[in-house]
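Below: one structure, written as structure tokens.
Chains: A, B, C and D, in written order; residue numbering restarts at 1 for each.
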Amino acid sequence: MNINIDEKGATVLIEVREERLDAHNSSELKTQMLSLFDEGKNNIVIDLKDVRFVDSSGLGSLVSGFKNASARNGNLKLCGLQPQVKSMFELTRLHRVFEIFPDSEEALASFS
Amino acid sequence: MNINIDEKGATVLIEVREERLDAHNSSELKTQMLSLFDEGKNNIVIDLKDVRFVDSSGLGSLVSGFKNASARNGNLKLCGLQPQVKSMFELTRLHRVFEIFPDSEEALASFS
Amino acid sequence: MKDNLEVDIKVPNQTRYLSLIGKIGEDIARTLKRYQGDREELAYQINLVLTEATSNAILHAASDSENQLIHINIAIINQNLHIRVFDQGKGFDPKALPHPDFGDPKESGRGVYIIQSIMDKVNCSRVNGGHVLEMIKYLH
Amino acid sequence: MKDNLEVDIKVPNQTRYLSLIGKIGEDIARTLKRYQGDREELAYQINLVLTEATSNAILHAASDSENQLIHINIAIINQNLHIRVFDQGKGFDPKALPHPDFGDPKESGRGVYIIQSIMDKVNCSRVNGGHVLEMIKYLH
């Protein structure tokens, strides 16, 4: 999976550089987040701007990250959702669960 | 077929605004050129910059236009060939038949 | 009937082929002659339904053999979209599944809900020693 | 064998479906697991061969019926690409066709030449009252 992980102060920015976040690669994203949690990094922004397609497994990996971050008193926020990806969050009501920002700058700023 | 026809002095610029020039739409391009010849417009530049795919019918319509223009003491020149489209001209040796330019500006300038 | 079409796909039992199957679905959506709605929205929906149903077949109902092929059929019949995904599993009743609990979001359990939200008919039935999930969407 | 796959397509006898068939070919090229060469070049080539062979079936060998479906089969078998295009025509011998005259370019007559340049084996044979053009490309 093509992924970019960048520490921005106390927050970690994960850029998913894939066209699809689906049952084929979502477990890799989960694993990446778990190793961040292991290192005590519990504030995460996931930038989905390159992602054109998300399925229920992709959503599941984000929910997993969100729950793990919250359980550790951190947070997981999203940004860069393309319109059709956004619709997926609405269909599954997950837009009420995640804080969603237009871009990574705003998402990162919200942590400070 | 999505096509743009623009008179630039004594030369006509045809922009093919389609991803494919193939057996489905090439006869339309031929018809368009025939009506230009009927109006006495025999110097033509065809800009293929939007065209990602050409098949043998697409090539055939360009050969038809070239022969008609030449028979009327005009010329038909090409520009904006994407690399894979260019390979098609090489495979069929048509790169030796047509004058091919990088862009429409250079192709139009070559007429004056 | 005019404008009917059918694409039948057999690929290895592996998630790396989900993207191929989804893309074929998108290509079909973009080719539909008489569809009045938003084609790009339909393309995403067909991609999604194919991805969900096929990954369920791989995850919940694959045969043991690594070389077993997954079988998917996509057809336009009388302006309706028919998607069938065949598997070697024990089948399940889509209508009996609980809706996801929106108040307490879980990691899994959204696939069939998504399929049912998009398609007009969803039905699982026995066929040659396995099952087929049959999904229909009316396009007119 | 591992990584075999098969896509079988039936579409109306109309050139507007050429782009769908070509795109499915491109999608397959981009999914191939072990291909070492340039995938985008292969994608164009498969798109082209499918387009040429299918438009020939539509133009030279279609049945009279407007509702007749065109039948195309694309398969990866033991890392070879097999493309078969079925038609209702009288068949022809690809090897007997003259090469295009490069010195005196004509409007038509490049389709089969292009197919033969790209594919390693090209063969036309009788099948159920019509013919099939069978084309193979070795991918390894």
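Quick note on the criterion: contacts are C-beta pairs under 8 Å (C-beta built on N, C-alpha and C of every residue); 3 or more make two chains touch, one makes a residue touch a chain.
Everything quoted here is computed from the prediction, not taken from an experiment.
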Mutual neighbours - chains that touch subunit A and subunit D alike: C
Steps needed, at minimum, to go from subunit A to subunit C via contacts: 1
Centroid spacing, where centroids are CA-atom means, of subunit B and subunit C in whole angstrom: 43
Interchain centroid distance [CA atoms averaged], subunit B/subunit D, Å: 26
Separation of mean Cα positions, subunit B and subunit A [Å, integer]: 48
Set of subunit A residues in contact with two or more other chains: none
For subunit D, residues contacting two or more additional chains: 16, 19
Pairwise chain contacts under the document criterion: A-C, B-D, C-D
Subunit D residues within the subunit C interface of the complex: 1-12, 16-17, 19-20, 23-24, 27-28, 30-31, 33, 66-67, 69
Subunit C-facing residues of subunit A, complex: 19-20, 22-24, 53, 55-57, 59-61, 63-64, 67, 84, 87-88, 91-94, 96-97
Contact set on subunit D toward subunit B in their complex: 15-16, 18-19, 22, 40-41, 44, 47-48, 51-52, 55, 58-59, 100, 102, 105-108, 110-111, 113-114, 117
